[in-house]
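Next, two complexes with subunit A in common: one pairs it with subunit B, the other with subunit C.
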Partner chain A sequence: MHPDLVLRIAGESGEGVITIGETLCRIAAREGVHIVTFRTFPAEIKGGACMIQVRLSEGPIPYHGEQVDFLVCLNQVAVDENLPDLKENGALLCEAECDVSEQPGRTVYKVPFDRIATREIGSRISKNIVVLGSLSHLLAIPKKSIEAFISEKFARKGKTVLDHNLEALQKGVDFAEQHLAKKDPYKLPGGSDQKRLLMTGNEAIALSAVAAGLKYFFGYPITPASEIMEWLAVHLPKVGGVVLQTEDEISAVCSVAGASWAGGRSMTSTSGPGLSLMSETVGLLSMAEIPAVIVDSQRGGPSTGMPTKTEQSDLFLALYGSHGDVARVVMAPTSVADCFRVTALAFAIAEKYQLPVIVLVDQATSARLETIDPQILDRLPQASRLCAAPGDGAPYARYRLTDSPVSPAAIPGTEGGEHMVTGMEHDEFGNFACDDETHTAMTVKRFRKLDEIENDPLTQDLCTRLGDENGEIGVVTWGSTAGPVEEALAVAKGLGISAQAIIPRVLNPLPHKELKAFFGKVKRVIVPELNFLGQFASVLRSTYRIPTIGLTKIKGVPLEPREIVEKIVEAASASNVRSMKRYGRAG
Partner chain B sequence: MYKVLFNRHIGPNPHSLLLPEPVQDVGDYGAIPTTGLMSGHQGCVGCGMVTGTNQVLRALKLTGKHVVASIGTGCNEVITTQNTSCWGDVSVDHNNFPNTGATLSGNIAALSALVQAGAVAPDSTVNLGMAGDGGTYDIGLQALLAWIARGEDGIYVCLNNQAYMNTGVQGSSATPIGTNTTTTPFGKVIRGNQRRQQYLLDLALAAGASYVAAACPLFHRDLMIKTQKAAAIEGPCVLEIYSVCPEGWKSDTDVFHEITALALETRSWILYEAERERKSNAVLFTLNHLPKQYLPVSEYLKLQERFAGMREFPEIVQQAQEAIEARWAFWRPALEANGIEWKEEARAS
Partner chain C sequence: MEELDNSCGYLSGVSPVWCSGCGYYGILSALVEAFADLDLPTKELALVSGIGCSSRLPYFVKAYGFHSIHGRGLPIAQGVKTANPNLTVVAVGGDGDGLAIGGGHFPHVARNNVDMTYLLFNNAIYGMTKGQFSPTTTLYPVTKTSPFGLAGDAVNPSALAIVYGASFVARGFSVKKEHLKSLIIEAIRHRGFSFVEILSSCSSFNTTDMNVARIIRGLTMVPNDHDPKDSIEALRLATDKEKIHLGVLVRNERPTLGDRFQEAQQKAKGRGSGTVEALLGQFA
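Now for the complex of A and B:
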């Protein structure tokens, strides 16, 4: 493991807590430090407890860290709630009035942030900048880089505001210099010259979509996916694209169907409630063979549920939502960097195979800031739609049955390429047909795409493999739980337990070859995920007929590595667990 | 189409041609012994929605009936459902974002069945639906118009703060032209909201509502009269309440009064009501507040940073002004019938 620092800033929403964390991230990213964050937001519109946890490291890190090295609390409630997470020998920087004392194994620094901000600077809202000043002194963050960043950030707001903030920063530094003696070992980890992008999962999805040729975005506001639409509303018009906010999610996905049919790369983003509304159209997109990318940033469900908390409970909806036999692809990125690759892949697969692709992220990934290697933009997967060249005299058949399940698509309005797409079952020309032969042939055509996608070079080697390849304990997970799993395997190794993990990015069609080989090697399979039912475990059990050990959590926060380690230890020591039976792919 | 009539009265109006008796006029000080929204709500400082909801509930309790409310997802739902004590003795049903109108129908159907079965006393409940502008103008419009078309007896209140504030200030169909929201950003390529603002009460009247009214919490006397009328008048009644939102409008939290006053004086928000006489298919329009002075819309844009971008572009301000004048022109016959001179000068400003 690389030297790292886990820092948490907690306070009340509106106090500038998130701003402190984000500012630190941006400064550290410029110093070449690797960063992963975790943020919680209150459900209230204003007020309520919020925190940002930032993990800074010299090397790549998969997870935002469990125990906190350095805790910053802006009020008593924050101290009470977060102190238990402070590790042995950790340090706490808090508001002077907080009722907490130093004791063996805990360093406490107290600064009267409120008083400095209100009395000395005369503006309560600059409190967070005072905090930033004291913090930067304690963590030995170069003051120059903070000043440079603040100057940039506030330059547009005029000299008065800028001076105000620089003064607040200085007051924070001064107080720390004069009154706080550094007693803890924590400091900003060293960086490198490698430039890195710093962005959230939502921004990564939006940027990747633009890189993949997105032209038309349709969406409807919903937490935690709104940021994708907001980012695109600012940036997509610059490259000639269009962002349209529709009146609901049904219209958003139907607009995607319209724009995509007309030939433009289109996408929508939503969360669980929106995907529920879109489900009918997912069936239409599959039936009418229209490419579409649908991003679902999952949150606590069902119904309105816990809009600002994370969960991985839309897997069944993504896999099975919509009536009838619906061929669709489901993908799940594991990190912010992965959001890049998977979103571009979603466009490539959707266009190449003319079907809907659902990308499942979750609130934790959507809102998490992470540093990314910029070269990732050069390696995005690409593919385009098979276009028809009508006009050779023969009537154009949109759904022509050939050896390939993909029929050439004509752009509507082209001479000789006039055609009809429909949600009704249809023959090669799009005429309504409900005879058994046509329905069978067309259903098989639509599902053969999934077989081809499974074997497509674009989807090969997309599973993350972790741990010891001879490990007897297997862990299979998906999405953002990959981070804690990676850390857990490292811890398990330290405990002398040999374990390995596989994390598929494409969840439908599953990478059968790789999963079967994996199940052939391990004796136990643990499936950690953030939902109550153990949805992915259920899919694996029914598909591969294997026993699984579920590890589920529905607390609105990601799994912690130690929870996974506990399960691994338990599985390694249990003698009464049935050994793996392998029948291969079911059905 | 309905026949348009204008009331010769201008100002708060407790009388209705659809009611045998006037409703209770609470007076300018609103000193009435009822409770509205109780403590424990989590609305932001300066939120107009909380005040609006409070006044609606207080007025409804004057009817002496039990209030059965169905509320749609939105700010009002989020800030009032974290403590069940908030709604006091009102029964509340939170349904999905698109379904406030449909839930209202369900409530009404069940209550009328209960009345028939003798489980609930006749005429002892009032059915209230409540949603924001996103849940009304956009995703909930189908359910709302269908509810109106069914002609059921209830009140639908739209708390209009002109964008999706709950999810972080995205534009809605009620967002004024040129407004900066996160989905209609004001920049070099796109200059804020480019869509024409929609008007709920026009749609509600066209769908067949018995009574529609636009109100604002600043004129609580007028708002509470309107709420009582909506409760008393048979058939679907729609109330739209101007809801100041410092968070989304990027305004100070203590200028609630000033912003509303400017909205009225620039006629960006018009206090009026319309009641439908079904036999003659005539709709009587009443203007409930005549501004003492007419101000150009540019004055309204000053206190709210959401308009910071468009202020610099006279052509967008002009578009907004034209939209206002076009709607205000509707009231010309009402003013002239009351002997008030029709002022054209605001047009030029």
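Now for the complex of A and C:
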């Protein structure tokens, strides 16, 4: 692992906690530092406890870190709630009034942020900037970088506001310089010449969609996916696209169906409750063979559930939701950078195969800031719709049965391409037909697309492979749980346990060849995921007839690497016991 | 099944599934003749529907057709028009499809003023499922699912269209084909969301509400001096208990959804370049 720093800032929502974290991230990203963050959102509309954890590193990191090196607390509640997560030899910077119990090895710095902000600056809201000033001294963050960032950020608000903030920053620095002697070893990790871009998973999805040619976005506000629509509302019109907030999710996905049939790349984004409402239309899109990208940023369910908490419990809904035999593709990005790749892939597959693609991201990835490689645009998957050019005299058949399950689509407006698309079972011309032969032929046609997708060059080598390729303990996971799994394997290796992991990005159709090969090599299969039922484990058991060891969690937060390590250790010792017994019997 | 005259050339050749004596034959006939009068190229014609007897109509017309799911014709049509503004988009559907299951979409396409035409075939019954009451059933209270009478009072489609802010609202009758055709022509020509309620008898399951003889007795034309910008008067005519007013009730001009999209695009372009490289730059 690369030298890193796990920093957490905690306080009351409205105190500027997130701004402190984000500012540090922006500055560090420009220095080429790798960053992964995690933040909590209070369920309250205003107020409530909140925190942002920022892990900064000289090299790539898969996860936001477990124990905190450096903790910043803006009030007593924050101290009480977050101190248990501080490392034994960690450092705490907190409001001077806070009561902190003594502990050997721990460094505590106290600054009267409130007093400096209200008395010396005369503005309570500048408190977070004072904190930044003190932090810049303690973590050796160049003050010039912070000043430059603040100047950019407040330039539009006028000179008075800017000067106020620069003064607050200086006061924070001054106090720290005069009163705080640096005693802990923590500092901002070094970067590289390569500046890195900083964005959330939602922003990565939105930007990737634009890069993939998105023109028509329809959506309905829902936590934690709204940010996708909000970002696109500002930027999509710049490229001649449109964003429309519809009256509900059904209207959103149906508008997508209409726009896509009419030839435009179209998308909607939602969370579990919205995907539930969209289910019937997912079937229509599959039946009528219309491309669509549907992003589900999962949150705690069922029903309204836990809107601001993360969970991976919509897998069954994405895979099976909608009546009848519905051919659809399901994908899951593993990180913010991966949101970029997977969203572009979703468009490519949807257009190429004329079917709905559901992208399952989750709240933790949607909301977290992470650095990505600016060259990300160079490697995006691309494909387009097979369009018909009728007019050779023969009547155009929208759903022509050929060797390929994909029939050329005439975009409305095309000469000679008049046709019906329909949610009813239909013949090659789109006319309703309820005979058994047609229904069978057309169902097979729709599902053959999945076979082709599984073998399409676009979906090859899309599994993340981690650990020792001869490891007997196997871990299979999906989505954002990939990060903690990567860390867990590194820890397990340190403990002398040989384990390996496979993380598919396409969950339907599953990469059978790669998974079968993997199951052939390992003796145990652990499936960590954030839901109660063990949904992915269940899919793997029924698809591959293998026993699995479930590791589920529904606490609204990601799995921690140590939770996975424990399971790996347990599986490894059970495996040893078993092989010893077998050895004994043979002897 | 009835023989259809395809001298206009807009019929697909697929035979309608409607019962003998169904008013929808008259509507189909008026619609294709309206297309012919407007000389609309079939390749630029998009017919969108939900589910129900009336929603089968797109199969019978030579055009691009989308027969979708129950109640969702309007948002699909909204998407079609948004992505392909050159198309003439016509949504068709019944009273159950548009006012019961799909009733939540109607106000929004109307207020968005999507530049499209919505023809609501009002026969006051669920015909495809063979005789259950609809949101407009009034005089035929005992249906298969209301054996002891209706649970609620009927809604008035034209009145709803008016209060939802549709920029064109008219009411026609399937039997008065030439008049209906003229209304459809006006509706398609109208720039913005145009709504036509078409009264039509169901020959199999509700011959009472839209009884031809009764409607002919009760109908009158919207007065010549009616100002279609006067929505209060339009509402009074639409809800008249004594007479069934046929004709154009509302007509006004206001920006369409497409206009507003263009305006947003202009404003957005003033806020910076939309190249992906420029968009990436804001994350630096």
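Going forward, the second predicted complex is superposed on the first by the 572 of 587 C-alpha atoms of A that agree within 3 Å, B and C clash if a C-alpha of one lies under 4 Å from a C-alpha of the other, contacts with A are read in each partner's own complex, and residues count from 1 in each chain.
As a convention for this text, contacts are C-beta pairs under 8 Å (C-beta built on N, C-alpha and C of every residue); 3 or more make two chains touch, one makes a residue touch a chain.
Treat the numbers as computed from the prediction; the structure is a model and nothing was measured.
By the document's definition of touching, both partners, subunit B and subunit C, reach A:V234.
In the superposition on chain A, A:E280 makes contact with subunit C only, not with subunit B.
Within the superposed three-chain model, A:A537 lies out of touch with both subunit B and subunit C [touch as defined at top]. Once the two complexes are overlaid on the shared chain, A:D248 sits against subunit B and subunit C alike. After overlaying the two complexes on the shared chain, residue contacts for A:S303 are found with subunit B alone; subunit C is out of touch. Touch criterion met: A:I45 reaches subunit B, while subunit C stays clear of it. By the touch criterion defined above, A:I61 reaches neither subunit B nor subunit C. After overlaying the two complexes on the shared chain, residue contacts for A:I358 are found with neither subunit B nor subunit C. Here subunit B and subunit C are compared by how many residues of subunit A each touches, and C touches more.
When the two complexes are overlaid on their common chain A, residue A:P374 makes contact with subunit C while staying clear of subunit B. In the superposition on the C-alpha atoms of chain A, the part of subunit A touched by subunit B in one complex and by subunit C in the other spans residues 234, 237-238, 246-248. Those residues of subunit A that touch subunit B in the complex are listed here as 43-48, 219-223, 226, 229-230, 233-234, 237-238, 243, 245-249, 273, 277, 303-304. Residues of subunit B touching subunit A in their complex: 42-45, 73, 75, 78-79, 82, 94, 96-98, 134, 137-139, 141, 164-168, 170-171, 173, 182-185, 187, 189-190, 247. Interface of subunit C with subunit A (complex): residues 12, 14, 42-46, 48, 58-59, 62-69, 72, 74-84, 86-87, 104-105, 107-108, 112, 257, 261, 264-265, 267-269, 271-277, 279-280, 283-284. For subunit A in complex with subunit C, the residues that touch the partner chain are 29-30, 195, 197-199, 203, 207, 210-211, 215-216, 218, 234-240, 242, 244, 246-248, 250-252, 254-264, 266, 280-281, 284, 288, 374, 377, 411-424, 430-432.
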